[in-house]
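Some structures are shown below for you to check.
Both complexes below contain chain A, partnered by chain B and then by chain C.
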Partner chain A sequence: MKRVLALTLMLLTGAARAQPDADSDEAGLAMQVAKAEDNIRNSAALVRDPALNDYVHGIVCRLTPCAALRVYLVGSPGLNVFALPNGALVVWTGALLRAQDEAQLAHLLAHEIAHYQNKDSLDLYHRMLDTSGVVALLGVAAAGAGIGFVGTPASMAALGAKYSHSDAQERDADRAGMAMAAAAGYDPAAALAVWRAADADFLKVHPWSEDRLAALQDLAHGTGKTGAENHRAVTAPYLERWVGEELRRDIDTVALFIRLAASGRGLCRYGLGEAYRKRGAPGDAVLAASWFRAALAAPDSPPLAWRGLGLLALQNGDKPAARAAFAQYRVMAPDADDKAMIDYYLTQL
Partner chain B sequence: MGRRIIALLSLCAPLCACDAASPRLAESAPIRWSQPGKTIVLVTPDIELSELTAGGAEAPRADWTGSAIALTAKNIAARLAARGISVTEADTAANARESQVVKLNSAVGQAILLHLYYSPIKLPQKGAALDWTLGPGVAVLRDKYHGDYALFVHLRDSYSSTGRQALMGVAALLLVPVPGGFQSGFASLVDLRTGKIVWFNRLLSVNGDLRNADDARDTVGELLKGLPL
Partner chain C sequence: MRRGSLLLFLGLMGCALQSMEAGDDASVGNGVTVRAEPGFAQIHLAAMRYWTRNGTGLDELGFYTGIKEGQPLFRVPGLRIGDMPVYRARMTPNDIQDLVVASLVKKKMQNVRTGALRPCPFGTAQGFCFDLTLANDEGLEMRGRAIASARSSVLDLLIFTAPAGYYFDQGAPAAEKIFSSIQTH
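Right after this comes the complex of A and B.
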């Protein structure tokens, strides 16, 4: 088994170009992984925008020599960053939305790169291959890129619950990730912030514990750059789309948007208002209205908040308020995708 | 080989109510060549061979898969060449739009297998005719490879490991059905002007073998049965 594993490491990590026996499990695994990467590369969900790709790729290359890593940005809500055992690093746009600054994103990437460099993802795949779960996982990996129906963070988490990294692997990746990020000059405290705020689904693959938090705190010495301004500027053009994608997920997103709204960005405040409006628990309508107003008071003052206020008023039967809010939305966003729908509402009011 | 037959019968008794290899032709779309020289775009066959472990898991085999793809493409090209058709081989994996067409063909092919070949879930409006299309998106293949039609092959093939064969042998003595390896898949011919699937054939076999040249030739013969060219 040791020999087999060593052979696999050589093949899949590209650390050495020696080929294993073509009839081995490892060659079959490499074939499947290469296919999964093809699927991701050719997926319609792949984000091809050069500015965003340069941003993420730039961070990866500051963290580690990156010639052997291929970064794929996938347009998907939810938090996910993972490496295939062949050096394909897949980053969901949900991770860019959740990171409050460049340092937080860098820590997430560094942790995952550490798993890859420690061959942890390979170990994970091997356990799956032993139980034929690898096919399911590669299906998920590909589906995360918009293929198939299983690519939800929840299904990823279901697999993660069965095939998570071990506690020891997590601590090693924390240590190596922290070292990488610190060497690149990123603020060590950002690691604590990003892991504390991570989605439960993501933490199933990367088991979180009080001990891990304590160990991470011990590692976080000194200061570094956060890159908050840069992160905001780079992600701003995509924020409306990403917030919309999170809101369309069929889950309660209030907790997520409470975290995001703390940034003060108008679109994130709008997202929190909309999350409350969609949840519709007692008291949520009042909270929704106040967050829509807070969104309009923010510098980016998103027109969508007017739409939210209109829908809230419609739900409350307040026709004059609904009419005023919708009219304002139409003025501020004359080319909105849903303008026909809003015009219909206006004729009914 | 006998063990594989028993295994498949036990596995797919409900599916085998219909015949195993039965090509379908789209009657509304006869073959029309745009020029005297006939060209078919042969898309790299989507084939995967795996070994069925004793526990029933399918372990993909890179060596078998690689040689099966090469043997299949070679045999198809030879058969078409014998009928005076020139073949352009298309490796679509590196191009996002082309590979999307291949994926669409796989999805539509699965739908055809399900609704046209499996009577309990026939679609009421489709009837028994082959009436399916990949749509105008196939133009990316026509423009790049300059062919009249594209031939797609989608095959999954598994072979019982020694351990699996032993288990099947013991299980058979106890009259417990344990399925062995088998081939399943399809080939389709698509009009690159319209996207219409003009010919389709299902392959479902426990005897076929893509691991050696002789058997691969037979499998390709089964696969292209009824090809209207």
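Right after this comes the complex of A and C.
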């Protein structure tokens, strides 16, 4: 207990940055956490775009007095939001893609802020202090390696399976997070939506259960703002990049894009088409084609859907369809990065 | 002197390495040969073949040849083969470009981006090229060039990477010459 208190004081007061007692495990951990934050701050993956940072920071500051929190937006696919025990709140852009509106993102942030304020993050790190877990979690960062542990979704999931928050901690964070979001005027129902759709890796760190769902439903009273239009507007310039990053992950993204495509956004429908095309299971070609067409029918019709149709037809040996789709893609995206390759495909069709 | 130090260092590290003479044709697997440029040494690490002038962290030309359906592009120490993304014969050049990104991410590369996908001759075969920007696991910004070709559903891929700036600017022309020297048999 003394160790937790000592570490709490060091991390929360910033004493670790001043002159920690180098002989104690707690001071060592506090320094590693500070080093991890430094690595995130200087990481090539840190998103420095002011508009996007203002958006996320604004939500955080509506949820809680934010002077003690430092928000870091990391460009990475996958769902992750976590707080270091010194008040560094790390948000992956994959969370912004998955949130269908501002309220869903706010609930995710509020839940993690609650973990931080309840000192659950500190408890988690302290449990690791006696094991090799802390080495796995912070060792890479301590070695000065880029964004360290935040760089690999799988590593967080693997650690989460071993070092997850307890059920009681989750329920407390649900309660506090819901209160925080409600006080900021966000729709309580968004919490249910975002947790039901959360990635399996994220739920290893935040264990989910039917009981937790029922408890969350009991807390979700009343209505509030969703901020859907604002969320769409803020994220629109980044959507193509984020969809592409998800599609390049070495996982089956069909389930993710089925959920995202429900938003009606053209790029998300395109993403579902690409997820089916890349998976290539029996029947996927038909589904891919239908989603590419659905993307083209969306108000924000993305040229990439024409390329998707072209690649699909190319793979199926349907030269006329490939030619027509690629030609349309070249018209819609005359400066596309792969235009030389598309032109080559056209010469071969 | 620099090359001698590199060879000595790598030798002490237990890597299988081979000094190379500029202008020599070297077989790099699956019937692919390339002509060596001055200053390169060949290293065998984890059953993979690299050429480097200054050390694999500073410039690295990787030869990933003879990749068949269901195989990864390369091995990553500490990861099982099953943890790596794999090549599929039905992949288009666009898909292979994405596969390279996914594979480099497994090597803990960050912010991996590709650009300028274009057709390129791969010896007498048709191939394609693309450019890379990325950061290594320490956040060092890097650039790269890749060339690939799928012949009879078997993929050959060469990737050159180096820190952006001096090492890339110095190494890229040599890498391009090596790409141009590719012969397929």
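To be clear about the criterion, the second predicted complex is superposed on the first by the 317 of 349 C-alpha atoms of A that agree within 3 Å, B and C clash if a C-alpha of one lies under 4 Å from a C-alpha of the other, contacts with A are read in each partner's own complex, and residues count from 1 in each chain.
Going forward, a residue touches a chain if its C-beta (ideal position, glycine included) is under 8 Å from a C-beta of that chain, and two chains touch if they have at least 3 such contacts.
Just so you know, these numbers come straight off a predicted model, no measurement behind them.
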Legend entry - Contacts of A:Ala340 with chain B and chain C, given as first, second, both or neither: second
Legend entry - First (chain B), second (chain C), both or neither touched by A:Gly94: neither
Inset, instruction - Return first, second, both or neither, reflecting whether A:Ala44 touches chain B, chain C, both chains, or no partner chain. - result: both
Legend entry - Which of chain B and chain C A:Leu311 touches, first, second, both or neither: second
Inset, instruction - Identify the partner contact of A:Lys278: answer first if only chain B is touched, second if only chain C is, both if each is, neither if none is. - result: second
Legend entry - Which of chain B and chain C A:Pro303 touches, first, second, both or neither: neither
Legend entry - In the superposition, chain B vs chain C on chain A residues touched: C
Inset, instruction - Give one of first, second, both or neither to describe whether A:Ala27 is in contact with chain B, with chain C, with both, or with none. - result: first
Inset, instruction - Show which residues of chain A both chain B and chain C reach, each in its own complex. - result: 42-44, 147
Legend entry - chain B-facing residues of chain A, complex: 22-23, 25, 27-32, 38, 41-44, 46, 129, 131-132, 135, 147
Legend entry - In the complex, chain A residues that touch chain C: 39, 42-45, 75, 140, 144-147, 151-152, 247-250, 278, 280, 307, 311, 314-315, 337-338, 340-341, 344
Inset, instruction - Within their complex, state which residues of chain C touch chain A. - result: 84-85, 88, 90, 92-95, 98, 101-102, 105-106, 108, 110-111, 115-119, 128, 135-139, 141
Inset, instruction - Mind listing the chain B positions that touch chain A in their complex? - result: 50, 53, 55, 57-66, 93, 95-96, 99-100, 103
